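Following: one structure in structure tokens, then a few remarks.
For clarity, chains are labelled A, B, C and D in written order, and residue numbers in each chain start from 1.
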Amino acid sequence: MNWTATAVALLQVLIATLVAPLVIGITRQTRARLEGRVGAGILQPWRDLRKLLRKETLQANGVSWISSIGPIVVMASSLLVAALLPLISTLTLPFVPDDLFVVVSVLLIGTVAVALIGLDVGSAFGGMGSSRHMMIAALVEPTVLVAVYALSIPAGSSLLSSIVATRLDAPAVILSPVSLLAVVALFVAVLAETGRLPVDNPSTHLELTMVHEAMILESSGRDLAWLELGSWLRLSALLGLVANLMIPWGLATDATVLALVVGTIALLLKLTVFAAALGAGEVFLAKLRLFRVPELLAGSFVLAFLAVTASYLVT
Amino acid sequence: MSDNLYAQLISLTAGTLLLTAALIVWRRSLRACVRLLAIQGIALAGLVAVLGWHERTIELVLVSLLVLGLKAVLLPLVLSRNVLNHDDDREVPRLNPTASLIFAALLTMLAYIVCRPWMGDTDDPTSRAVPIGIALVLIGFLLLITRRRAASQLIGFLVLDNGIATVAFLTATGVPFIVELGASLDVLLVVLILQVLTGRMQVKFGGTDLDDLTELKD
Amino acid sequence: MSTRTRPDHRSIAFGDWTMNPVEAALTAELLLAALACAVAAVAPASMRRYLAGIATIAMAASGIVAGGLALSGHSGGLWAPTALPTVNLTLAPDRLGGLFIVIASAVTLLAALYAIGYVHGAADSRSAWLAFILFTFGLQMVPAAGDIITFLLAWELMALGSGVLVLTDHRTRPQARSAALWYAVMTQLSFLLILAGFAALASVAGTTTFDALVTVSPTSTTGALAFTLLILGFATKAGLVPLHIWLPRAHPEAPSHASAVMSAAMVKMGVYGTLLVVLRFMPGGPAWWGIVLLSLGGISAVYGILQASVTSDVKRLLAYSTTENIGLIFLAIGASVLLASYHLTAASQAALLAALLLAISHAAFKCSLFLGAGAIVAATGERNLDRLGGLGVRMPWTAAAFGVAALGAAALPVTSGFVAEWTLFQSFIHGATRDAISVAVALPVAVAVVALTAGLALVTFVKLYGIGFLARPRSQGADDAHEVSHPMRWAALIGAGAVIALGVFPGPVAQVLASAVGIGDVATIGFGGLSLPSLGVLLDPMALAITALVCALPVVVVSALSARRHPRRATELPWGCGGARVSPRMQYTATSYAEPLMRVFDDTLRPEQDVVVTHATESRYLVAQVRYRQKLSDVIEVRGYRPLLEFVDRLGVVSRRLQNGSVHRYLTFSFVALIVVLIVVSL
Amino acid sequence: MSVLRLLQLMRRTGRVAETAPALPEQWDGVPAALSGSIQIRHVDAGSCNGCEIEIGAVFGPVYDAERYGARLVASPRHADVLLVTGVVTRNMSEALVRTVEATPRPRLVIAVGDCARNCGVFADGHAVVGSVSDVVDVDLEVAGCPPEPDQIIAALRSVTGR
């Protein structure tokens, strides 16, 4: 059982990694089409990655080992998250529960690594991005924990897999105000964590408006490849989690081949829909001023908090 | 309809009421607030309709239609006219949104706590949704206290009224049709009068910031 | 203190080999403490640091042995008579006491090792060494005490010793004096409160030995009174808001080895005292105790980390982070009491375990952090983060130790802090109940508080490490920094190693801790992972790390392949928009790094900022110079303490009227007093 | 602008991108790594902004160079191709050299516009160092003052081969 679970987790990592660039491709493509463009095609992110891996990597004098190890840490943390989250099956690794707190902490390792890379450069942009990035990360955390706390109360466990499993068994839970509020809050938190609009504009060229971009401004070649793929993978994994919380159907509950195939296909469909929706949504959104972001996060926190209140005090 | 579905619908509509209230506290733009108010009206009407359907009483269904017409269409229209007829629709609340949001959360919790004794541990979905009505009332008060512009005062007042209506419907399962009619007409009247007043204020002082009214005291 | 074994034991001569092991270890510790004092007193200045340091290490080692024995369940202790009849000085640590003895001794050992390489000048003087030895000795005796008198004596020894240490640099640093004054006042306040609390307990129990105090019922008025007084006293020592005020002043002023012990071990005695109250004296306290501790801890956690996240002084930052961590510990204890009062036993025990895990983890990483901060100050002469930078390449060992400890403080995997907060969170999740409103309200708030604290701690320590050790030096001092001497780096590295070890093998650690407070079901799974069967949760950091490595492997392989074809090329410049080499002054400083947070929380922090723009004489459209000043003072001190002190001053002025120096008036006072006494007595 | 009105606008406009012209023949100097995807950093070495306007059009919806795999980026570290416009002025010559140096290999430098190729109308002005090729080695040139977006796109496509 343990070994099958491990194998499933590895399969999950593989699929998530293959899909992540396509998810970005789909969002960009949707956006382009809505803007009246043709778009570069959903395979473009893969081409970019291939090219980055075939380019040389520059490193300025005086930067420490953080700049060269950091990208690998970021990538590894994203892969680990993809392994932990219930994306195509609700099986969990032996001894490594997909515990909410563990998942968040693993995400934070990636966050911290990027922030340190930004500081390591010693240019003004890096520090700026790093400082903003960490502020947002700090303010997001209450939302994430409280939201999943609310979700974990009906399930009686903080394991994301069992939360999703309960929703699979009793779909009625999904439409209850508790879960609606919590999932909305979680979604806002995911947008902030992955640096999408309205918190951060991933396609900006103005250094002064950057958050994530400003930190990786100095990276090139494979460092850049890992940083990009890492953030894309993080986005896809978290989108997959939200998707499975909203639409748990199709998720494999055992390790039979058929179930896994179904689970994979379901995941692909969900991700396609969510990525397209994300891209479409971003057409209508403008980036918030940096100091309006706390208001947004406070709003999402309140939603999460209301969810907890409701779930506790309503029998 | 099945009890499960009934419970689902009740909690869904009630949840929407609470969510819209929270969002009204969140947003600064008055237009957005008016739109949210309309959604809240729809949710309230839906709640009443569900009750009526469940109790098989035609009267409640009529009331729900009335609520729909009044709170989801008429009042928002009137308000949006007032909002649109002068350019800036930004509210500058006394309390910054972050703080007032936290307040709203605490108020909701308070509502649940005060309701708990006479809610008991009943599984009856209607009594489970009562605290949300109370929370709406409290949040409405919060809006009345923290907002400056007359229009958003009106919005706060309407949220408060929605709260009262929610509680009334859920506890008494439907105030009689006539009473509801009277109440709604009162509300409409109040809103229209305040409408006129704000219009006059607009003309006289070029602004509807209620803090300026302190100068009118003598 | 002359030692004699308690009569009810085998009455045997001192030094007999058949003594009970705990007695033997404690005796050894007493003797070694005396020896250390003697050495410090007589040793020639040139040899003092080595001899005294080694003697202190020996004392600490014997302390570790004694604590370990007590922790593993050996009973026994030392007993000495006093002038007063029926009052004896007893040293009889129980398991919990043993745990805290181990914490105190281990921290002392590292600090002493560090001191060998660190102390110089005033910190190497005879008085400073004596103070350090007495301080650490008292520290180890507090948890060993078996009765009130001994406890208070040890407590006072600890307070006085640390007070002297705060004064060490008073010649060079005038602020040291005011810091010592604040510290003395607050610590005496805490002493008085504790004294009063114990008096209340003893008045009911009728005796002063801890075992006899259990008779007091927690729900009685005396119980409530004693709880309030004792908790206030211990909270003062633990540096909880609003009584934390001495902490950010005293810790930075004391020499770093002393501040490490103060922060990592001394404030823990406040925790130990609290545990004594809620576990040993008056177990099963009412719910409101839990609420009090919970809110006290929650406020301290958020306020402390908020201040830490915007502070630029390294040691001040660490001091505030201590307030945060102790706050978390109190929060956990409070949650445990609250849950227990509603019979949610499993969750309550998990919370208690979390409190202990937090305690040892904080001891490990904060010790290492303060030692590292001392190394920074020694190497650069700078305490202000805004003038540091680039130390990572200049002092690699210190950087490694500091980095690991910072990870622990930020509660990231796989460190001790992570395990502790995970356990705390599990207790919150599984304590969820609808039957008790107070629990239903307290837990989500607690979750939010812990989450916000964790997030801000992340910012704080990324700032501390990133600004201090990465990028390029912002001052000459930082540029000329060199790695510190071996004892210093080893002390810091051992602390960091403990952070990792506690984080990777939490299972056995947790089992030991659980045994200290009599918690049943804690198990070890996998590769030393932690499992709480009654909650049905498990965490195996080692397995997590292995999984992470498996995930990282392909990434490394691909990188290696790509590196073989396209090697890394060094360029002399970071990208600065094509400009000439960007000067270090263009980098973000700690202050600018915290600026966004400062803005978000400025209602709470109330920074004083002013910008002075001097225009050129030719035209006021040309700016000659812009000066930006930001002053950040502790809100609670400004709003709370200043008015209080002014009030006291005014009172003093008024009361001066009473005494005008005339003998007659004083005689009148005493006469009136006499009359009053007589009347009272006659009634 | 409200969401609904935006949606209506989108429905009315539909696709504005022109149909792609025939693929120009692949320029033979293209490094294998760059086929199918190039990131572009634009450097204005002292242009009159005529070429900037055209480049803006190139990445606008009508010409939509993104569909050929070309994207503008914010840092030369991310870039493969530098689009250099205008004569190289004294103040920009050093910055231009640094920018090229800051770009990881394999990299291409495309001189866009007559000023960049041969100083155009600004030849021997007092602030002019020379054409781009006088300062850094240029791989491709796009003639015109300013060049048509089609020409720029043709140059880019001859690199991406899409």
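A few comments on the model shown:
Please note the rule applied: a residue touches a chain if its C-beta (ideal position, glycine included) is under 8 Å from a C-beta of that chain, and two chains touch if they have at least 3 such contacts.
The structure displayed is predicted, hence computed values, not measured ones.
The pair with more inter-chain C-beta contacts, choosing from A-D and C-D, is A-D. Look at the CA centroids: the one farthest from the centroid of subunit D belongs to C. Averaging Cα coordinates per chain and for the whole protein, the chain whose average falls nearest the overall one is A. Separation between the centroids of subunit A and subunit D, computed from CA atoms only, is 33 Å. Mean C-alpha position of subunit C lies 59 Å from that of subunit D. Note: centroid distance subunit B to subunit C, computed from Cα atoms, is 50 Å.
Look at where the CA atoms of subunit A average out and do the same for subunit C: the two points lie 36 Å apart.
Looking at subunit B, one finds that residues 109, 113, 116 touch two or more other chains. For subunit D, residues touching at least two other chains, in rising order: 75, 77, 102, 104-105. Among the residues of subunit C, those in touch with two or more other chains are 437, 569, 571, 573, 575.
You'll find the chains touch as A-B, A-C, A-D, B-C, C-D. Across the complex, subunit C is touched by residues 99, 109, 113, 116 of subunit B. Those residues of subunit C that touch subunit B in the complex are listed here as 437, 441, 603. Residue ranges of subunit D in contact with subunit C, taken from their complex: 75-77, 94-96, 98-99, 101-102, 104-105. Those residues of subunit A that touch subunit C in the shared complex are 9-10, 13, 53-64, 66, 68, 72-73, 75-77, 79-80, 83, 93-97, 99, 101-102, 105-106, 108-109, 111-112, 115-116, 119-124, 126-128, 130-132, 134-135, 137-142, 144-146, 149, 152-153, 156-158, 217-218, 221-222, 226, 290-291, 294, 301, 305, 308-309, 312-313, 315. Those residues of subunit D that touch subunit A in the shared complex are 3, 6, 10, 13-17, 20, 32-34, 36-39, 61, 64, 66-69, 71-75, 77-78, 80, 102, 104-106.
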